[in-house]
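What follows is a set of structures for review.
Paired with chain B in one complex and with chain C in the other, chain A is shared by the two complexes that follow.
Coming up: the complex of A and B.
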């Protein structure tokens, strides 16, 4: 798959673009909709009976903004936060975090504030934090006021949006807002310090994953099996990008 | 917690986390508990620095140490062999994608009061100051023999049967002197003592091959070290376990391991809650009456504001002091990591000197190691007992790991894990059970 992609890219003679990879982590109380937000963003899907997260290391989603390809490596908690047992490794080296609460549940907002504190204390000082008030489609059962959350976000320098994984409202937009706030310079996004590497059978230093890799094409890269739903996700994201003024934007989804 | 599990794992040290991951991946319902509020148990990396000072009852560090949270100090020093079992486990389980590593810059051996680079190929052997002219030739021939050796191909054995003949006789076949034997057995084959000399030579040949294959992987030394410290390793395997459905509870004291009919474990109690299970896997600290003391290890953490002399200013090194060089029965190890691994503030180094305790005065035993370090800003000494289980767990279904030994790498750690997995499940771990879908970064 990788070979095909690179091949077609070269054949097209598309211009070289800068590729920045960012680690983005999701935090928040169980059942606020963390996995649902990712699933909506990466695949354009929503499951009414989304089970607690199992089986995925992390997912990647690539946005091409003008001359830059922003690749999100999206980490979900795997349920480790349930008994307050999340490992610090989880947010180590993360350049962005989305802290999620459920607007119909006041406790989850309190917990979200604790996560913000924890990130400010432990994570990289330059981390971009977004607060997401999820399940905005359930406004009738609202327990957390928009203005209260907005004021809290302003005080703490957080991006803030109310989202719905169910209706897709603001889901793409919040990721996009983060992408816009992240530094997109040459070194931006190269997680880890110089010379560090991940290990793999076909060994390659980690940093090479950041640069020089041509952005893949949307249609050919959608995972087989993800089907139509994924296509919808891509289209939805395209329209948000257009709204945000990115005319040449291209979206590619990939699950790991 | 009041549920039924296939297995409950107690303690989040590296061994327990690997086992937990393997069990979850194999479809078992796992509850993993630690009495501490952090992951890693004895294999944690302590952060911030203030926490380390407090742990050893030292007055708080002053401002010259930089930001406390830039420090992650291991309690147990070890490196990964680049071609070793732990790296294989990391790659097969996909845990490698949560971690990043750096190569250790140099590997040194101590002889006659000074240190020399460990020669690993023919070229280095000929340039080494560890041996005289004629000895170099003999050592070179020995290295070539080991390199060409194939277990399946008896022709490469050259009229020597390494499965029956011992290592001493292989050294004699090549006429290697005591000094060369010393660094070969201890700095290349990484034996702790000299018992290997009487064992079949094949074991030593394989260890030397592991060393040179590991070296071939990334160059400068055969060792790797994870960014942010060894404490990242248990966390990585814990995440694997969680991803495959394992439930995690930290900061949960264990008051009783509940035993049922026939002496078989039926659950674990914390306060008034009882979690039922068919098996328990744990480290020795959770079952003091089911382990026996095997020995003691002394470990001395030294904080330095400079690299080690004669290591070409290396930001990371390993130095092995072979037992005979200092009149001992077991080797002394010095390992050095630094700010480049995100385990210390800018400009700082962490050296750890460790060995198996042989006398009533362990601090004096490690002096040859400390003497190599130059000025030491702060020193923390710990002497810990290490334990082994008194039985194999088949009756009680309680499977206990051994404490971490004095070896400088993870080979014995992984062998223990694979043995425990086999004792507990009755089968070898099937690596193909982990469906690793390669991500883009792995292609």
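Coming up: the complex of A and C.
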């Protein structure tokens, strides 16, 4: 499912291939398997002792859907509650989010609900949210019923799947389902928080070509943000950077 | 030098239990292999030293759950001695065995496998127990697929399954009896021997009964009354009625008139710590495995023969040639190669004086990693460091000066503690901290520990997990102003790794490290201090690498996105332990501004790639892959790295 075939498609001479880039963020309590899901999706690997994520990790993966190449830019965040304050930096401007919980732990489901609430309140209104009940290979120790989670997902309009990063069950499927739900034309993209941007054939999906990638550019001048919803992110980050003394840092680097 | 005294260490090998198939624990993680559990438990044995115990030197985990135990050796075992001992010799041997056993029981180590082939006696009459920790390291035999102990030394309650330390007293009694009247149940198979022992349950005096069985009743009656008393006190059916080793030592030392031999301390190489000898011997090319193979203790069967005939659905293999699970033989090693290698070293070099002008060794220009493998270089460094550490804390400035050059891996734990200024009764302080009461942070710690540096065999066993948890809880309790941030586990890991059997010192090191290098980083709201630190990092990057900094700035590749785990954990979350120790060697000597330069160093190494890349490519680069090298910190003034949040006394 998860292939990286942009190049070959282009070589086949399909001029109508669209390339869409989406920013996706993974949220959820620690040790529910966020990093493992991403690792399974991006590299097809599974590490039993996947180390904890501090701050966040970034990965990309490309999917081919019909006539479109969908490139996911995935932010895998730290799960510990204390890192919560960093989370907005990652979900701001994201077109999709996967909120992960562990089916063997009821508390993580509660935490997932809180994440969903926060996303509904703070993230872009058109964000596609998927709920993933991970570790379904441990169904014998299940504490969160499938129906309960399904009902919750239906109520809140979330995509829902039980996944297992270990056995790879539903991992590609959930990303695929998200890709299918995301608007893949220019108009659809514009309606959302920046949305997907179609790149002309032959143009490299360079990061600099994408205006809504977050965290957005930390412009040192006063040029206003992109003007859309992602501008929030620009301003937010820029102010935080300024507070952190980055303008000073820049002055130093230019003076040298 | 006669034949038997040239051997300095010996190795034995056995197989740990194999978990069938891919069974998982309750947390969905695979079960810890038995060999890893044994490795973790055996670490404590490595620290036990006593004149009557063969010091453990190394526990090696081989392929297919094989464990190799390396320990000191002397003379030969009782079973190898063919001549009969005189009464005086018997008393001398049993006094020393009882002393050793008394020491072990005080340390809460039960021997359980005491037998005539692990009591070693040398030509001067010194006695040492060899591999006394089998029962301890295998968690009471739970981690091995074979029964422990030799049948004829097992006490009745051991055979019935349910024995405590008193079982060792029984074994001791049997050994004493054997020394007096000869080998017991010599031609019997294990089954009948066990039956014989169990029938003793009905005997009022098992020792006499055994003697009668062997037609030795007269010989037994001919023994001095005092010796018979001791044997009978040991061979009581009820464990509670048996004497303790403390009582036995007291009684035996009254009987034993022979003064302990005053053995002259050897000079030169043999005067060095056995652990050092073993380390140098390995560096000089000593190979434990080679000798085991030569003696047939490790055999390699062609793979085709080891293939199972069938595999059950739960993963249990059926059939196929198996290796012998436990071979009682041992392989002995002499240190000839080391002697040859160090033959030209003058005797005074073994005893350097601190105030003497230091000789320069030619190894110093080599890279650290090669120096660590150089026998002669490590010889001089270890001797020198041993000397300095002996004088700690008065020699701290010498230690610091030497640590600037390099730190020998063998004494890294000690040197780090010295560099961090760990002094005082740390055991007592650590003992007082409540490390058990549950706290709300426990869940987070519990989920983080099983993924913290788990490639390391020490840290991935249950012993490692438990200790790491205790350390973290102790630190959080003594630092109420701080909270647990993910990453603290990684930060603690190197200290645990180096002080695995010295929890108190690991804790003292961590407690000294945080205020020095990570002041305020673990505050509940640490955003200000982290921002400040990253700003300083970015500023220095701009100073040293203006072009790179400008480019990274343009693509908004800001340190918030990649450098938080670097600095929050002082790189311990991003590098494997073998790199961290070298990095921290420098860190502890250079002080708290070094991490900033390490960060710049990493960017510098990837400079060309970073300059050519956009944001995505940059962040996808595995920044931690690169070697941990240090840029010249001297190019920047100290004041540049000064931060308001720095700990005031730095």
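Going forward, the second predicted complex is superposed on the first by the 159 of 256 C-alpha atoms of A that agree within 3 Å, B and C clash if a C-alpha of one lies under 4 Å from a C-alpha of the other, contacts with A are read in each partner's own complex, and residues count from 1 in each chain.
One rule holds for everything that comes next: a contact is a pair of C-beta atoms (placed from the backbone, for glycine too) under 8 Å apart; a residue touches a chain by one contact, two chains touch by 3 or more.
In this text, all values refer to a predicted model and were calculated from it rather than measured experimentally.
Once the two complexes are overlaid on the shared chain, A:122 sits against chain B while remaining clear of chain C. Once the two complexes are laid over each other on the shared chain, residue contacts for A:78 go to chain B and to chain C alike. After overlaying the two complexes on the shared chain, residue contacts for A:89 are found with chain B and with chain C alike.
For the contact definition in use here, the residues of chain A common to its chain B contact set and its chain C contact set are 53-56, 58, 60, 73, 78-80, 82-83, 85, 89, 206, 254, 256.
On the side of chain B, the complex with chain A involves touching residues 39, 69, 87, 90-91, 94, 96-102, 217-218, 224, 227-228, 232, 235-236, 238-239, 242-245, 247-252, 340, 342, 437, 439-443.
Chain contact summary for the complex, chain A toward chain C: residues 30-31, 48-56, 58-60, 73, 78-80, 82-83, 85-86, 89, 104, 135, 137-138, 141, 166, 206-208, 213, 215-218, 220, 240-241, 243-246, 248-250, 252-254, 256.
Partner chain B is touched in their complex by these residues of chain A: 1-2, 21, 53-58, 60, 71, 73, 78-80, 82-85, 87-90, 92, 122, 191-193, 195-203, 206, 209, 254-256.
Contact residues of chain C toward chain A in the complex are 26, 28-30, 444, 447-448, 450-455, 460, 483-487, 489-490, 524, 527, 531-532, 534-535, 538-539, 541-543, 546, 549-550, 553-556, 558, 560-562, 564-565, 568-569, 573, 614-617, 619-620.
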